[in-house]
Amino acid sequence: MRKSGLAFVAIAAMAAVPAAAQDAYLVGVTGAITGPAAGSYAPVVEALRLYIDRVNAAGGANGKPIRLIIQDDSAEPSKAAANAKKLLTQDNVQLLINASLSSTYAPMVAEITRARVPLLFTGGVCPKDVYPKANDMQFCTTAYAANYDSRATLSFVKDTAKEPVRLGLAAMAIPISRGEIDFAEELSKTMGMTPVDKEIIPPPTPDYTPFATKLKDANPNWVYSWAPWVTQVRTLEGLRKLDWKGNYIAWAHIESELELARLKDANLYVVGANSLFQDNLPVHQEILAAAKAANVSYPPTQMTEGWIGGMAVEAAMKATPWPPTPAKVHAAMQGLKIDTKGLRGGPIEWTADNHFRTKQYYRVYKWDTAKNATVLVKDWFAYDVTQ
Amino acid sequence: MQLYVNIAVLASIYALIACGYVLIYRVSRVLNLAHGELMMLGSYLLLTTASLFTGHPYLAFAAAALLALVVGALVYLFLLRRMTGEMVLAAVLTTVALGILLRGVMVLIWSASQQYPREALGWANPAIALPGGARISTFALLLILSTAAVYLSLFVFLRFSRWGIRMRAAGQNPLLAAQRGISLHGVYALAWGLSTFTGGLAGMLLAMDSGLDGTMVVIGLKAFPAALVGGLDSLVGALLGSLIIAAAEIFLIHHVDPLLSDVVPFLVLIAMLVIRPWGLLGTKEELDRV
Amino acid sequence: MARQPPLSRAARRRMTAPGLLCERARTTPEGVAFRSKHLGIYRERSWLDYATLVARCAKAFAGLGLKPGDRVAIMGDACEEWAVCDQAAQALGAIVYGIYPTASTPEIEYQMKDGGAVIFVAENQEHVDRILPLLDRLPGLAWIVVIDDAAMFAYDHPKLRPYQALIDEQTGNLAWLDHQARLLDPNAPAFIVYTSGTTGHPKGALISHGRHLAATLSLVECYPTLANRPHRTVVYLPLCHVLGRDVAVTLPLISAVVPHYGEDVEDFTTTLFEIAPTVLFTVPRYMQKFAAQILVGLGNSSPLKRAVYGAALRLARRYVCGRWENKVSFPIMALQGLAHATVFRPILNKIGFDALELVICGGAPLPAETMALWHMYGVNLVEIYGQTEAAGGIITGQRGPFPRPGDVGTAPPGWDVRLAEDGEVLVRGADLFEGYWANDEATRGVMHEDGWMRTGDIGEWRDGALRLVDRARDFIVTSGGKTLSPSFIENQLRASPYVAEAMVVGHGRKYLAALIEIDFDTVSDWARSRNVSYTGFTSLADNAQVTALIRAEIDRINAQLARVEQIKAFRIIPKALDPEEEGEPVTPTRKVKRAQMQARFSSLVDAMYDDEEERLVSDEIGGVLKAS
Amino acid sequence: MSKSLPRASGYFRTSYADELPLVQTTLQRLSLKAVLLALLVFPFFATSFQLDLACQVFLAAIGALSLMLLTGYAGQVSLGHAGLIAAGAFTAGILAKELNAPFWVTIPAAAVVGALLGVVFGLPSLRLRGLYLAVSTLALHFVVVYLGGEYETKRGYSTGIVVDPPKLGGFELIDGRLWYFVMLAFAVGTLLICLNLLRGRTGRAWRAIHSHETVAEALGIGIAGYKLLAFVVSSALTAVAGALFAYYRGFVSVEAFSLFLSIQYVAMVIIGGMGSLLGAILGAVFVTLFPYAIENGMRLLPGAEKLAGAVFAVNYAAFGLVMVLFLVFEPQGLVGIWKRLQSYFVLWPFKHRPLASGRR
C-alpha cells in the first residue's frame, strides 16, 4: 500500500483549507509567478508583497493589516480564472490584483463583474477598459498605456529625428503587442513617417537574426518595438550584429535599467513612465533597502511597478473604512489619488469614469557612451487621458 | 548572402539540439521531451560554474559541459532505467514530467529573470564580417563550428570506438546486444549523457549568443520537427532535417510572413509524415504500440 | 416452482421418475427444472423443456431398438444430457447404469460385460476412445451415442450416433412420454448403481423405480426445507453415484431443489461461485478440500487479516460450542453476528457458500474437525449415512441445524436400524434395493431372510444417535495385540489441510505408521509462499521441508491420540493417487483400497519399519560413535 | 478484456442480455446510487470555489474520457487534444460572437467541427503509429492554435473573445450550482456514450485494433473505418468540452490551449490508468486538483509564509515530481491503486482468490 500513500497525502492536503483570518483587509493577487513569462511578472508580485509587508509593519491601514493572498497562474487564462474564483468566493477578498499576461484579463474580468469586486492591473498592459469611459470595476496602475505609449514614442522620434523617418516596427506575435504596433504603423503615417517594415516575431524563436535581416533590408533609420523585453532586445541585438547603425526605440520595461547598462548601445532609446533608480530618489533608496532586507531573488530595479501597485493598494485600503467590503473599496478607489513619490511623473488619479490616470507622463532614457551611464534624454512629458 | 548565413546558423542550432533527440531515440526508442529543459539546465549550470570559477572561463565552460554529461547519465540511471519495459508513451510522459520538475527547480534556484552567462564569463560577442556582405556573431560562428565538430566526433565515435559500436548494436537489436554481453544500461546511460551534453552545449552557446530565460525550453521543442523530418534514428538525417526546416523557415520569414515560421516546421513535418513517416533517412520500422 | 404436495412413501413407491417428470411438466410447465451453463450463460430448462427432451431422446432410443429390460450405460461427467438419457431410458423400461468417467479400461470392460448394455452413451470423444477398443469383446453393445461430438469429425464407426442429431430428428412430446411412463411398472428395476467396493470387482446394486423414489424421500423427510422452499444446488458429484443421481435427477422431482450444471465439472468452483447454492450435497473430500484452501489462503494473507480472522475464530469456537448445546448467550450471538458479517461471510462468499442454508455430506466419514470448522464459519453442515443398497435414501442423518459433530444422526421414519452383536449396523425397511445385478451370492451375503440388511460398518449408539466406528473388516491388530481402528486415525490425518489421503498401517507390527498423500494444491501453495522450489508432485513429495511440514502435522495429531494410536513413522507417497489409472489403489470415489495400497507401496511400508529399527539402534549407539 | 465475473457470488446469467447491464451486483448498484447521491448533494454544501473545482474536474473528465477512448482503447496516441478543445471553444465563441448563435446551436456545431477535425486528425493514423502519430497530431494542434490566433488578432479580440453566458428563454446560466449540474450532466453523458460504445461491436473492434492491427484486419474488422471513427467520436466529445469551457469561463483565447494542456490530458490518461474509463475520471480528478492540493499542503508546512516567493516554483516542481513518481512506481495508474484497494476488500480476508485454480 506504499504507493497509495501518495494519493492519501494528496487527499489529506485537499481537505485542509486554510482558515481565513477576518481581521485584515484582504487582497487577492494572481500573477505569472512561474512559467515562461515569469521573468516580467514575478518581480512585480515580489515587490507588491514587500511593500505590503512594510505597510503592515508600520501599522497597516486604519490599524488593520492588509493581507495579500497570492496565487500563481503561470500566465494561463484558465488557471487565472480559477484563481479569481477561489480568491473571490473562498477567500472573500475585497480587491483583486492581476499581475499577469493580457490573456488572463478576459476570464478574470468575467469573474469580478459577477462578484462586483474591483480588479487592479499592476503587472501587464492597462486594458482599454480602464480608460474613460472606464469600466466600473477595473483599475490600472501599470506604466504601459496602449496607444499613448506609441504616441509618446513617435512624437519623440519625430522631435529627435533630423532626417525623414523610415520607421521599422517590431512586435511579438501576441495580440496586445501586434495591436499596438499596428496602431503605431497607422499613426506614423499620419505623422509624416514612412513605415518601411513590420516584423511580427513568434515568442520563442532561437535566432532573431532572420527577422533582423529582413528589417535591416528594408533600410529603416528608426526602429520602434513595443513588445515584451526579450523581443525588443533580441531584435536590437540582431540588427546590431548585422551592422545596422540606426536608432532603436523601445518600451522601458522593468528590465530596462539593467539592460541599458549591459548593452551600452549609444543609439538605443527607451520610453517609459517610471523613473529609473539612477535618479536615486528617496523612494528608490527605500526600495533598495527593503529588497536588501528581504533578500529577494529579483533585482530591486525591477520592483518599481510592484511598488506602485503597493502604493495603490495602501491608498485604497486607507480610504476604506473598517470593516471593509468590496463595495467600500470600490467607492474609495473611484476618487483615489496615489502619490507615487517621484516614481512616476505625477500622481495616479482615478475618477469615476477614468480608472487609468488623468495624466500619463513619459520619460526617455538612453545610454551615454561618453559618460558610461544612462542618461535622461527627455524629461517628463504628459498626455491628458481623456477619450 | 546573409540569408544563407542565417540558414546555416539556424540549421546548426536545430542540428545540435536534434542530435540529442536522435542519440536517445536511436538506442532506446524513447523520445526525450525533456530535452529542452535539460538544454536549459546546461546553460544554467554554466551560469553557476561561471560564478564558481571566476576568471577561468574555459574551466567554467568545460565544467558545465561535463556536468551536463553527468546529469544526463544520472537522469537515465535514476529515472528512465525504471521505465524499461513500460509503455513507450509512459516513458515519453516521464520525460515530460521530468521537464516540468526541472522547470520548477530551475525557477527555484536561478529565478525566472533574464541571465547573461557570457557577461558572467567575461567574454565579448563581436560580429564578424563575412565575404558577400554577410555578418555573423562570434558565438553563432562558434555554434556552427561546434555543431560540425560534434557531428564529426559522433560519426567517428559511433563508427570506430568500442562504445560507439556497442551503442549502435544496442539500438539495432537490444536483445542480441545484451546476449553478446553489452551492458544495455551502460549504453543507455551513455546515450543520455551524450544527448544532454550536446543539448547542454547548444543551450550554453545559445545563451552566450543571446541570453538565457524560460523560453529556451520551447526552442528545444522547435528543433524536434527537424529530428523527425530527417528520421528519428539517423544523425545524418537530423543534419539534413535541420537544414530543410531552417531553410523553409528563413525563406518564409523573408518572403512570405514571419508569423508562419512558428507553424511551418510542423507543416513540413506533416507533409513528411504523410510521404515518408519514418523520415528522410530514418529506418522504416514497425513502431511500438501504446 | 410450485410446492410439492406432501406425498407419503407408500404413494411414492407406486410412481416412477419419468411419470413424475410428466406430472411436473403438466402442472408446472414453465417452472425451472434445472439450469445448465452453456457458452457462458445458464440456460434455463423448464419442466416442459425437460420432458420434451426426454421424450425425444426416448423416441430416439426406441428407434435404436431399445426395449424394456435392456441396459443402457452412461459414461461421463454430470451434465444435463446425462439426466435426459437416464430418464429417456427409464421411460422405455430400460435399466440404466452409470460408469465413472474416471474408470479404468478393465473396469469399463467389466461393467459393460456385467451390465450387458446395448447402448453406451458417451459424454465425449474421450469416452468413445475408451470404449471403441473394447467393442470386439462386447457383442451385445449395439450403439454408441455421443453427447458432445465436437471432436468426433474423424470418427467413422458404424455404431456411433451423435446425440444431438438423434434428438433433432425426433418429434416426441409430452403426451407420448406420458403414455410411455404409464406403461412402466413401479416395481420394475430402474437402474443399477455399481458400488465402488474397496475389495474385488464392483457389484451392481439393482434399484427399482418406486422404491428409489420412496427411499429418496427420506432426505426430504429429514430436511423438510428441501421441499418447503425453492433451492439452488450445484451438480458436480458423478451421476453414477447414488447421491449424485439423487441430487441431479430424483430430488428435483420430489422437492423444490433446482440443480445447476456448470460448463464443465472441472470448473465446479466457478459454478459454485456463480450460483451461490442454497443447499449443497457433497462428500467429505470436497469439504476438506474447500476448508484446506481457505486455511491456506488465510495463511498467505496479511498479518492484519490473519489477526482479524484469528479473533473471529476464537469467538466462533465459543459460539459453536454453545450452539451444539443449544445454549448461546445473547452477547456471544451478537458478536458472532459481527464476526460472521465481517469475516466469515466474506470468506464464504469467495467460494459461493454464503447463501448456503444446508450442506448435506455423505458417502464417507467426515472428520469431526472439518465439520466443526464449517460450523464455526456458519455453514450448517450435517452428516448423513447412507449406502447404495439403501436405494438412494439415507440410513441415518443428522437433523441439525448445527448438529454436534461425531455421529451420523438418527434414522428417518420407515427405517429400522439396529446393531448386531459385533457392532455391525443392520438396517431394515421397505425401500431397500432389489439385490445385486446377476450376483445372488453377494445379495445373500448382505440380505438376511428376516429383512435386515448388513451394512458392513461398525457402529455404536451415543445419546440416541448412531456413531460409526469403522468399516467392519478394517481393523489393525498390532504385534502388541492392540486392536485399533485405522479409519479413525486416518480421519484425523485427513483433517490436516496438507494431507489429501492417509493410510495407517501396522497390522502385526510393533507400532503404527502412515502412508501420506500430500494435497498438491495446498502444499504447493505453502511451498511457493516459502520459496521452496519444486518441479512437480514427486519433487514436492521428496522435499525435506515438506517432510518436515508433514511431520509437524503428524506430531500435532499425535498429541490428541492415545499412545498406542500414535503414528510413529510415515512416508509420503511419491505420486498422486489417480483413480483414472489402471490398478491404482483407489476407487473412483477416492476410497483407498487398503490391500492394494499396501502391496503397491510395500517398499515404503517396509522402510518405515526398517528405518525405524535402524534409527532406534543408532540412537542407542550414537553417543559411542561420536565419542570415539 | 472480456467482462469480468461479478465480484460477489450468486450472480449468474441466464441469457446473454444479462451480460449487458452496466451494474451487475447489489453492491455495485448501491455504491452507484451512493456516488450519484453524493454528486447530487455536493453542490448544496460546497463553496463556490469547490463548485468551480468540480466543474473543472467534469470538464477535464469529458476530455480525459474521450482521450481514453482514443488512446486507452483504440490505441491511437494523440498529443493534439488541446487543439481539439481549442477548436470546440473557438467554434462556440465565434458562432456566439459573429452570429449571436444560442448555445443549443453552438454546442452541436462544436461537435460537428470536432468530428470533422477528427477525420483530419485521424487520417495520418492510417499510415502512422505510436510516436509518429502523436507528433502528427501535435502538428495539427499548432495549426489549429495558429488559426485561432489569427482570428483573434484580425477581429481585434486581442485579449480573447468574451462569450456571454448561455441563455435559456431569458434566463442566464451563470449560477455556479447550475453550472455544476450542467457539467455533471455532460460528464455523465460522455461516460455513458463511452460505456455504450465500448461494450458493443465498436469497442471490441477498437480493442482488437489496439492489441494487434493485422490480426484485427484478418478478423474482418475495417481498420481504417474504426480508427477514423475513434478519432471522430473522441474529437467530437472533446470539442464539446471545449465549447463548454468557452461558455463556462466566458471567454476564448489561444493562450488557454497550450501544448501543456495536451500534456495534462495525456497525463490524466496515464496517471489514471490506461484502458480504463474509471482511470480517465480518476486521472482528471487528480491532475485537476493536485496543484491545489500541493498549494494547500505547502501552506500547512511550518514557515510557509517565509517561503511565499518560492511556493509556486515548488508547486510547479512538485507537480512534475509527483508525475514522475507515479509513472515510475505506479505504472498501472490510479486505477491500479483503486483495484488493489478494491481487491483488498473484495478478497477480504484473503490475499488471493481461493479455489481459483479450478483444479480438483
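As written, the chains take the letters A, B, C and D, and residue 1 is the first residue of each chain.
Keep this in mind: a residue touches a chain if its C-beta (ideal position, glycine included) is under 8 Å from a C-beta of that chain, and two chains touch if they have at least 3 such contacts.
Values in this document were obtained by computation on a predicted structure and should not be read as measured data.
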- request: Return the chain whose centre of C-alpha atoms lies at maximal distance from the corresponding centre of chain C.
  value: A
Task: Starting from the mean Cα coordinates of chain A and chain C, work out the distance between those two points in Å.
output: 89
- request: Calculate how many whole Å lie between the centre of chain A and the centre of chain D, each centre taken as the average of the chain's C-alpha atoms.
  value: 37
Message: Taking the mean of the C-alpha atoms as each chain's centre, how many Å separate chain C from chain D?
response: 55
- prompt: Which residues does chain B have that touch at least 2 chains other than itself?
  reply: 103-104, 107, 259, 262
Statement: Expected list for chain A, residues touching two or more other chains, is 34-35, 42, 173, 297
Statement: Full set of chain pairs in contact is A-B, A-D, B-D, C-D
Message: Which stretch or stretches of chain B touch chain D in the complex?
response: 31, 79, 82-83, 86-90, 92-94, 96-105, 107-108, 221, 224-225, 228, 232, 259, 262-263, 266-267, 269-270, 273-274, 277-278, 287-290
Task: Sort out for me which residues of chain D touch chain C in the complex.
output: 5, 8-16, 18-19, 347-360
Statement: In the complex, the residues of chain A that touch chain B are 34-39, 42-43, 173, 199-211, 213-214, 229-230, 233-234, 237, 240-243, 255, 259, 262, 297-299, 302
- prompt: Once bound in the complex, which stretches of chain C touch chain D?
  reply: 35, 37, 40-44, 260, 266-267, 269-270, 272-276, 289-290, 293-294, 296-298, 300-302, 305-306, 308-309, 343, 346-347, 349-355, 521
Residues of chain A that touch chain D when the two form their complex: 1, 3-4, 6-7, 9-14, 16-18, 33-35, 42, 46, 49, 70-72, 74-78, 81-82, 85-86, 88-90, 101-107, 109-110, 114, 127, 173, 175-176, 178-179, 296-297
